[in-house]
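Okay, so subunit A shows up in both of these, paired with subunit B first and subunit C after.
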Partner chain A sequence: MAKIEFKNVGHCYDVSAENKVYALNPFSLTWEDGGRYALLGPSGCGKTTMLNIMSGLITPSDGNVYFDENDITNVITEERNIAQVFQFPVIYNTMTVFDNLAFPLRCRKFDEDKIKTKVHEVAELLNLTEFLNKLTKKLTADQKQLISLGRGLVREDVAAVLMDEPLTVIDPDLKFKLRRKLKEINAKYKTTLIYVTHDQNEAMTFADNIIVMNEGNVVQIGTPKELFEKPKTTFVGYFIGSPAMNIYPCDAVSDDEVSIGGLKLKVNTKLPDSQKSNLKLGIRSEYINVVNKKSENTVEANINLVEDFGNYKLISATNDNIQIKVKVKRESVIPEDKILLEIPPEHCCIYNNEELVE
Partner chain B sequence: MKTLYTTLKYSAVTLWSMFVIAPFLWAISTSFKDFNSVTSGVSYIPWLQFEPSFEGWKVLTKPASEGGINIVEPYFNSIFVTLISSLISIILGTLAAYALSRFTFKAGFVKNSDITFFFISQRIMPPIVLSIPFFLMLGYLSLLDTLMGLVMVYIVLLMPIAVWIMVDFFNKVPREIDETALIDGCNPYQAFYKVVLPNSIPGLIVAGMFCIIFGWIDFFFAFILTFTEVQLLPVAIVALNSSITPWWSLSAAALVSVAPLIVVAFIVERYLSKGNLSGAIK
Partner chain C sequence: MNFKHKFVFLMPGLLVLLGILIFPIIFTVRLSFSGWDSFNPGLDFIGIENYIRLFTDDKRFWESFLRLGFLSITTVFLQYIIGFGLALLVWKEIKFKRFFRVLFLIPMMTTPVIMTVIWRTFFHESLGPVNDFFSLFGMAPPWLSHEVLALVTVMIVEVWQWTPFMFLLMLAGLLSLPKEPFLAAAIDGASSIRKFIYVTFPLMAPISIGAIIIRLIEASKIMDTIFVLTSGGPGTSTETSSFYIFIKGLREFQIGYSATLSFTYLIIMIISLTFIAKFLTKIFMKGDAE
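Coming up: the complex of A and B.
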């Protein structure tokens, strides 16, 4: 186990090209020992590149990687002591389940007694004990993925277990159980887990720190709460949360008031003096309240559509040309056509140049 | 409907089997004939239609001094040359194919696919193009009319087949398997022989079979690169022919020469149908 540190790490696949295109723009980041991290971002944002740099399958074109202060940038994969689970289960078909699980230990020349104890322990943990002597070919996709995972967990001293969308092939029901199991493992063995996903729910429920990435950049690092309440960029606002954050172009009217079209709204943010126009206001649909009385920061809107999602209802309404999405409890009574909405100033986020004004 | 389908299916299979097996039956029948039985009209069943004779078979083992044409030595020569050259071709070809499948080579405009094509192009050329260079090269090395010379030539001819089949096969073995092996602590060589190779057995068998077949049936190079000392089976069989075509001994020789291929086919058939790789990923 180790603290993993990226110092100005970036990667460009074709270094000789005239205009270098970075799959991952240089950044610095520390992954604490024993942490549970999720890398979240749309496809092609550099998540997998980052994982591969960590496991050594890719040597970064820029910067250095440290495991516990040791520079391992040029250390080859097999000497890094890292475990990686891929999106699709990768198993050694010609071996039994036991041999599959024992493989990483045999490669590292552990003695057979130790291997046996360890394999049985991991098999127990993942409910694979009854299959130990079977050939892997006969197993189902999720059992195979458990084996992939098991090979990562069988080594105690592993620096980190990297998972690249490991639960894609697994049934939703089992997915939930496995995620919980991973949390248990993390709690019990203090193994650093790094989990790549493009599913925000997965990231939110799994990790205590989420790293949001977009187009090769690390956009925001934070707890699920931080990402939800104070998205650092409009991208995070769009990407995290369902539905996406309501975001409107606005201009500053005074130092605590903005106007969206003709609509004036108070905000709690101190607006920048230098930039008065081309700002954006973001508000989560969860924070908008349906009210009966007009007061400050209320907006009257026409209801276009009410969608029932079972546990909540989503109202789409318009005021002039402004589309507002509001999430309300499923039992709330929603008027026929017009609705009065309150936009709480403390939940409004102001973005200048797509970045949060704090 | 189902019975009709089954009937049609079995009829088709029966017809095809008859078509395939007919030349064998004809050869077996002919190999037990002598001059008289061959020339005295159509006959198939020994004892009933003609008196069987073992002359065709005996000739094959008799030395030339007793009027026979001995194919025992050419037979073993052929086995030796085919097996050794196939084995070396498979080993070298598999290594080359793995490299071509996994690593990126670049020399000017030459890329992996060009190198692979270079290998295959050796087989696209008509063999006659190669005959003079081979003849001269073996001449310089004093390897004309030797088994060693033939083994070398056959490696050149068979390795492209092995490379071609194995590149295709390795491309289908997911790269993640190698990467996982590296992460699990193998070095690249261990990843290759502990993980990738066991997964590639069906491919190795196909490549091996093709090498054996192409090595075994070659007449052209065996004919021009040997004279008196060394003879391979196809050449020996052709040498059986004379002004009066000895159909009986030619048939017997043809049967013994295809026998090894049939045995090989029976042995490897079950490995081929197993589809070992399915399910390595996904």
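Coming up: the complex of A and C.
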């Protein structure tokens, strides 16, 4: 186990190019020992590049990587003590489950007794004991993925287990079980787990800390709650949450009031004079209330569509040209055409040049 | 519903198939029951006389068949090992990769007959450069006139000519392999030998089987090399089935009997290649078997 530190790490695939294009813009970040992290972002945002830098499959063009204060930027993968689980299960087809799990230990010349104990321990943890003598070919995709994971866990000295969208090939029900298993493993072994995904639900349910990335930049690092309640940029607002955050261009009326078109809304953010232009207001559809009486911060809107998602209903309504999405409980009674909505000032986020005004 | 019209659409294809594939086979079978030769040309019927002759009184055919088996299995095995080895060499990033890839393909691009003539000159016992070299050590091996050495010479030429084909198939296979298993093996700390045994080789198994079978079928037809290099000699020591059938049919004009030989050869080849394919699947794809 180790603390992993990136100092000004960035990567450009073509260093000789005149205008360098970075797949990952230089940044610094520390992954604490034993933490559960998720790297979240759309395809092509640099998640896998970051993961490969950590495992040593890519040497970063800029900056240094440290494992427990040791600079390992130029250390090869084999010597980094990293375990990695790929999107598709990678197993050794010609071997039994036991031999698969024992492989990393045999490569490191452990003695057979020790290997046996360790493999049985990991097999038990992953519920693979009954398959130990079977050929891996015969197992299902999720069992194969467990073996990939198991090969990382048999080594006691791994600095971190890196997972690159490991649950993509697995059924939703099993995904849930496996995520729980990963949490258990993290709690038991205090292994640092770093999980790459583009699925926000997966990230939210798995990690203590989520690193949101976009276009090669780390946009926000925070707990699921922080990302949901106070997205640092409009991108995070759009990307996290289903449906995406309601975001509207707005103008400052006073220090704590903005107007969207003709609609004036109070907000809890104190707007400094320097940040009163190029504003946007964001509000989660979960925080908008349906009310009966007009008061401050209420909006009257025409209902366009009500969608039933099983566990909730999603109302799409318009006021002038402003589209508002509101999430309500399934059993809520929704009027036919017009609806009165309350926008609570404490849940409004104000963005200046796409960044949160705090 | 009336589906009769579908036959009208199928007919042209079926007729062509019948004409070019089925008819020659049926004709060969019919021919094998005839005594057509230069004295009695014509499609008469002599029953299974030819077959009785083949199974009771033709040691030379069975010897040539065994020789062919030995020749094709050993040469294809050597081609596989050398071809795979060369493909592994130019698979990774090395200097002049493109140059080597083209270089290794040159033998395949040459005309077999002409190259065999050149090889025959190489191995010429008194004038060839090979013996110029051996004479430095006071030796002059009779490459083409010694029973065993002649067979070895045929094998050398075959391996030289066809290894590039194996190389090409294996390289194409290697280039199409996924990256992840190699990365995973690197992370697991596997050495290059372990990586080859547990990752490269198993992943290449389906391609290996295909390549070996294709080459075995091709190698069994060996004719031009033998014709030019040794003409089956000395004696019959390098004679293979196809060359023997050629002699019976086109030198001695025993058309009926050579049809018997061809048909028997076809049946044996189908059966033995089926077994070989099964055997290869078993040894190459341990995990897939059962």
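Throughout what follows, the second predicted complex is superposed on the first by the 356 of 358 C-alpha atoms of A that agree within 3 Å, B and C clash if a C-alpha of one lies under 4 Å from a C-alpha of the other, contacts with A are read in each partner's own complex, and residues count from 1 in each chain.
Assume a residue touches a chain if its C-beta (ideal position, glycine included) is under 8 Å from a C-beta of that chain, and two chains touch if they have at least 3 such contacts.
Nothing here was measured: the structure is a model prediction, and the numbers come from that model.
Once both complexes are superposed via subunit A, do subunit B and subunit C end up clashing or fitting?
Partners clash after overlay.
With both complexes superposed on chain A, which partner does A:93 reach: first (subunit B), second (subunit C), both or neither?
After superposing on A, A:93 lies in contact with both subunit B and subunit C.
Quick check for you: in the superposed arrangement, does A:13 touch first (subunit B), second (subunit C), both or neither?
Neither partner.
Give one of first, second, both or neither to describe whether A:78 is in contact with subunit B, with subunit C, with both, or with none.
The answer is both, since A:78 touches subunit B and subunit C.
When the two structures are overlaid on chain A, which partner does A:151 contact: first (subunit B), second (subunit C), both, or neither?
both
Using the touch criterion from the header, give the chain among subunit B and subunit C with more contacted residues in subunit A.
The larger set of subunit A residues in touch belongs to B.
With both complexes superposed on chain A, which partner does A:169 reach: first (subunit B), second (subunit C), both or neither?
After superposition on chain A, A:169 lies in contact with subunit B alone.
Now for A:135: first (subunit B), second (subunit C), both, or neither, which partner does it touch?
So A:135 only meets subunit C here.
Find the residues of subunit A that appear in the contact set with subunit B and again in the contact set with subunit C.
Residues 55, 57, 77-78, 82-84, 86, 88, 90, 92-95, 103-104, 107-108, 136-137, 148, 151 of subunit A touch both subunit B and subunit C.
Okay, in this complex, where on subunit A does subunit B touch?
Residue list for subunit A touching subunit B: 55-57, 76-78, 81-84, 86, 88-95, 103-104, 107-108, 136-137, 141, 144, 148, 151, 169.
Where on subunit B does subunit A make contact in their complex?
So the residues of subunit B in touch with subunit A come to 174, 176-177, 179-187, 190, 195, 198-199, 201, 276-282.
Provide the residue numbers of subunit C that touch subunit A in the complex, in ascending order.
178, 180-181, 183-184, 186-191, 194, 198-199, 202, 286-288
Using the touch rule from the top, collect the residues of subunit A that touch subunit C in their complex.
55, 57, 77-78, 82-84, 86-88, 90, 92-95, 103-104, 107-108, 135-137, 148, 151
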